[in-house]
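In the two assemblies presented below, subunit A is common to both, partnered first by subunit B and then by subunit C.
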Partner chain A sequence: MTTTVSTEAGGRTVRKDAPGAARGSRRRTGRLRRAGLPYFLLLPALILELLVHLVPMVIGIVMSFKELTQFFIRDWSTAPWSGLDNYTVSVDFDAPVGEALLHSFLVTVAFTLLSVGLCWLIGTAAAICMQDTFRGRGLLRALFLVPYALPVYAAVITWVFMFQHDNGLVNHVLHDQLHLTDKPSFWLIGDNSFYALLTVSVWKGWPFAFLIVMAGLQNIPRELYEAAALDGAGVWKQIRHITLPSLSAVNQVLVLVLFLWTFNDFNTPYVLFGRTAPEAADLISVHIYQASFVTWNFGTGSAMSVLLLLFLLLVTGVYLAVTSRGRRTSRV
Partner chain B sequence: MSDSPMAQPSSFVWTRRVFLTLLTGFVLLPVYVMISSSLKPLADVSGKFRWLPSGLTIRPYIDIWSTVPLAKYFGNSLIVAGAATVCSVVIAVFSAYAVSRYEFRGKRVFTVTVLSTQMFPGILFLLPLFLLYVNIGNATGIALFGSRGGLILTYLTFSLPFSIWMLIGYFDSVPRELDEAALVDGCGPLGALFRVVVPAAIPGIVAVAVYAFMTAWGEVLFASVMTNDATRTLAVGLQGYSTLNDVYWNQIMAASLVVSVPVVAGFLLLQRYLVAGLTAGAVK
Partner chain C sequence: MRSIRAAAVGAVTMSLALAATACGGGSAAGGGSNDSPKTLTYWASNQGASIEIDKKVLQPELDKFEKQTGVKVKLEVVPWSDLLNRILTATTSGQGPDVLNIGNTWSASLQATGALLPWDAKQFDAIGGKDRFVASALGSTGAEGKDPAAVPLYSMAYALYYNKKMFADAGIANPPATWAELIADGKKLSKGGKWGLGAEGSNPSENIHHVFVFAKQHGADFFTADGKPDFTNDGVVSAVQQYVGLMASDKIIAPGNAEYAQNQSVSDFAKGKNAMLLWQSASANLKSQGMSEADYGIAPVPVQSGTPGTGANVNSMVAGINMAVFKNTHNLDGATEFVKFMTSDAEQKILNTAYSSIPPVAAAQADAAFNTPANAVLKDTLAKSAAALPQVADESQFETAVGTAVKELFADAAAGRAVTAESVKAKLEKAQQQMPTK
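So, the complex of A and B:
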């Protein structure tokens, strides 16, 4: 890449001799225009972000203070204000609505921690294993990226087929071939659904970690490894003392992104279980979707979404503060 | 590490071999199920799972087009994902150029705000956006809800933050002297962008386009709420095979394969750009 850039440079700098007289005036008008230019360039992105993300977010916060049921969908501004009612309903953990939300929240936290941990572990291990060149490495790398490249619904629907009770691969292998279970298990309902969801999520998510760590590894200077090898450090030591510490900046962002994506993931559980998720795998985004669209109670759904956002903001803030400080002290 | 003077201990070599083999199996299992089941007769996928088909048939690949209007969904997905990609890339190029080349007030606020939209739960703005589109439609007659336009608009903002972020890093790696030379040559700022910076950053732009297309092609949540019979995309349309009385698993697998091929093929062809783009842009 750098080579294309430098040849470009060579080609362009030849024609550098612009008339000097015209340059002065052009630069003055140019500077005037330039003051507004960056804003002009940012305008389309700003308008779209405002329209699709920020304005709806504000509307969502307003909605969470309204009694917004199916009767007010046509003209939601006429819905009566309800103060904090939607919030008190959501966090009243003794009542059914709040209890279900708390349960869903806890399931999501457990699921996210496990999924992010496994995705990171597998992705990093695979990236380190493939740091060397060996025969078939390019092919293997392409294969490993397939789960990431597949559209979510196509991949997850295949897993749905594999998890079928009567004609699925998983039961065929575990029960018919390995005789590990007494009778074929149900994977998409009941307690097992948590593990089914986790499996699919890790299968789908680890290649992203692999991709990012692989990119991060390319920025580690080879001299470090060579120096360590001369000092007599073996491969395991090199991984522990060079590779992993060098990845800390990459990991800081990677883990956060994985966490947010997994926590907010809707596509995987929705395709895996349909509109109503089993209790053991009732992830929060599907839960809120159900609370809003199945029961048409948008006010409570919005309040739950706002609470979710506040939680994510809090976690992100604390995470960034802690990891940034950790990295700064470790560098000193 | 490969050229390091020290030979790798066999413990490392064996751990690596076993781990990579197991991982390959895990990754390929669903792919195998998808491909093999799509070539099986219906009896094979309705009864006990079989590793090998009792007989190969291409029947599912013919039937998928008539069981549900797959071609229509396919067309809708192509239009939506294609348009969202083109718009997203063009807008991201402008924004990244502004951030990379100019100092202006509010620069940090802009980048932080745009990036932080990535962390919003989709469900938070799904409901308001749904109402917003319905109300815009009622007020102005511009049909955003249920139309491809609304979906394009929504999807392009999904890939925008990450695209801008990645392109900023990419544009930063293009030497400033290049566009300064172009400016001196008499190009306007936009001329410098399109004649110098963009050509030098093609791999990054390709990577961003791949990412934007995949994002739009695979999205389920908004597609399930914001489309109707005429504008349904593959993400929702594929569920049509399983809502029928009999679940035609062989057809579902065939259809999944058919809708995956364009993205997976494109991704695998262009993945080295994505890796290079991530190395230059995101991971720094």
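So, the complex of A and C:
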């Protein structure tokens, strides 16, 4: 990049000082043009990328340093700078705001670990079971992908109906038919809401894991299994020593993507519980939404978003560093 | 190879960074203009049983307005779950409707944002003067001492709706006038899968309306005289405990109501699952659910003792809808003209009849159409025993914080946990700490 700039500057000086050297300068601009063309072609994409992604992000970060309450939202420029106030409020875990944020963060971590783990486990198990050809395999595969293909809102609102206390299908089955509970349980309020959320999240997320792992399985040569079978390895041994190691690259990306999606998931809890989620299922995305939109304090909401961003950056960086190193050494 | 991997790590990290913080918008200052004098955009609130019904009610009136003035009004009926967010977004971006409906309790909060056109004397003169409106309705249009942020459009009050047949079957002659009577009646009615009373336990706004009235009846307020939150005083705590206690200890509300937030309690009442309902202007809604007007009676909301009145005998909030003009409008004259049209005596009669609400315009209110027994109760309540919710800038936050606290208490009650003075106080304490400090 720097060389391009210096060539340009050089070209200009040449043209100004010595008009006789026009031929050499033309050749140089020609080279410059050729070198610059890819960058020029990238420019529209770059500008759009900046506009769509970077600018809102920067505005979000700027907002986090402002006292952006209802008194100033009409004209942001008048909002006073609050320095680090929004951040100190957010991370002061002895005070109510910070305490609630920490609680929400821990709930989200537990929820994400469970959801990603279950999604991966069910998805992988299903993909391995679907590996051998049998009648109706195509139909089953298509059926498994339905939750992933459904619009989120339609799918989750159906779950809301099923989880209802009085007329819901879940209570009908668990209580009325199977008699597993003494009385109908509440799923959308109180402590059970965590399990309701987890159920919907796993239901919605595992087909993606299934899809990706299924694609990954296609790349494992059949000969490996045949050789292993000849050596007397059973199904479990084959899975442990052939399937899983061969999938490690796929899994690395899959788990990361699932983690980020689940951690940031807003639609599921919002449609399930509305704008104020029960404490047991107070995911951080809805919590931040509430901190900004419901209390009209967009500064604090932004500060919490930035903290969340930093945390996810850290997790992703460490995750990629660790898993990449692990794979490199294992390959050597 | 190493650099490619580093680049890949960088790219993933960056795209994640971008995904996590995406919130922005523009800002626009400045007042209204008359740049587009021939069109108006109007955000109506959802007053009827459905958005479709609202469109059917409003469109003929808008056509009438177009015929009179040549101004075309583009109508959008915004559901309650979205309305406040939509207004906030419009405020932040400066891009909004010209005229809009707001819940009257939001007046002071929205007034503080400066997004709404203040109704000073000149502006009021343009629509026929401030004194056309009933005083109680004007009391819920913004903070005291400031020009109102909006003009009253529909007035409503809470009343006790009761199922006549269920009352007769249980041998109850008259609707309850005090809470003690209501609980006694409720216990007689709560059996065989039917319940005494319905509630919207997961709807923060409904919760607020009720605990506000209970607090008044305990001689307490949620805000101090100088506008500071005071949610944990003894009166408020006993008020909240008494309301949630209807489910927790008196057991006259079905536990399932704790998760209601979509007006299911109105449907339950229409279907005869609940014998009583505390609701504002429910007639039109009940009719659309197939309940005939002859099947239910309307009585004032009970008080602790005596008869409804002022002070500790308040038995309703001043409920209603206000009409506001967005400050950034491009058709200030047209917007003012439209508010004048909607608050005219003739339109007030048509609209308030359709929505079974009470006109906040004195001349329209005197019309015979609003003297039916049902409307008489509501009118009486509004005139004599209704109080406006606190007109403070933090009102909207208060609704959310305390409304959510009550929702959590209902969840406790539904799960069979005791709702004690301590547990109520703890929740209210938490709600108070969530309020803005500045």
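Note that the second predicted complex is superposed on the first by the 287 of 332 C-alpha atoms of A that agree within 3 Å, B and C clash if a C-alpha of one lies under 4 Å from a C-alpha of the other, contacts with A are read in each partner's own complex, and residues count from 1 in each chain.
Methods note: a contact is a pair of C-beta atoms (placed from the backbone, for glycine too) under 8 Å apart; a residue touches a chain by one contact, two chains touch by 3 or more.
Note that the structure is predicted; figures quoted are calculated from it, not measured.
Applying the stated contact rule after C-alpha superposition, one finds that A:225 touches subunit B and leaves subunit C untouched.
Residue contacts after overlaying the shared chain place A:195 against neither subunit B nor subunit C.
Once chain A of one complex is fitted onto chain A of the other, the partner contacts of A:152 are limited to subunit B, with no touch recorded for subunit C.
Residue contacts after overlaying the shared chain place A:214 against subunit B, while subunit C stays out of touching range. Within the superposed three-chain model, A:39 lies in touch with subunit B and out of touch with subunit C [touch as defined at top]. Put simply, more of the residues of subunit A are touched by B, taking subunit B and subunit C as the two choices. Of the two partner chains, subunit C is the only one that A:69 touches; subunit B does not reach it. In the superposition on the C-alpha atoms of chain A, the part of subunit A touched by subunit B in one complex and by subunit C in the other spans residues 53-57, 59-60, 63, 73, 75-76, 164, 166, 260, 264, 292-293, 298, 301-302, 305-306, 308-309, 312-313, 316.
Touching subunit B in their complex are the following residues of subunit A: 1, 4-5, 8-9, 12-13, 15-16, 18, 23, 30, 34-35, 37-39, 41-42, 44-46, 48-49, 51-57, 59-60, 63, 73, 75-76, 122, 125-126, 129-134, 140-155, 157-159, 161-162, 164, 166-169, 171-172, 176, 203, 211-212, 214-216, 218-219, 222, 225-226, 229-230, 232, 234-236, 238, 250, 253, 257, 260, 263-264, 266-267, 270-271, 284-285, 288-289, 292-293, 298, 301-302, 305-306, 308-309, 312-313, 316. Interface of subunit C with subunit A (complex): residues 5, 9, 12-13, 16-25, 27-29, 81, 85, 88, 91-92, 94, 109, 112-115, 201-202, 204, 254-256, 258-259, 261, 327, 393, 396-397, 400-401, 404, 407-408, 410-412, 414-415, 430, 433-434, 436, 438. Here subunit A touches subunit C in the complex through residues 53-57, 59-61, 63, 67, 69-71, 73-77, 95-97, 100, 164-166, 184, 186, 188-191, 256, 260, 264, 274, 276, 278-279, 290, 292-298, 301-302, 305-306, 308-309, 312-313, 316-317, 320-321, 324, going by the rule given at the top. Taken together, the subunit B residues at the contact with subunit A in this complex read 1-6, 8-9, 11-12, 16, 19-20, 23-24, 26-31, 33-34, 37, 45-49, 91-92, 94-95, 97-99, 102, 104, 107, 110, 113-114, 117-129, 131-132, 134-135, 153-154, 156-157, 160-161, 164, 173-175, 177-178, 181-186, 189, 196, 199-200, 203, 214, 217-221, 224-225, 234-235, 238-239, 242, 249, 252-253, 256-257, 259-260, 263-264, 267-268, 271, 274-276, 278-280, 282-284.
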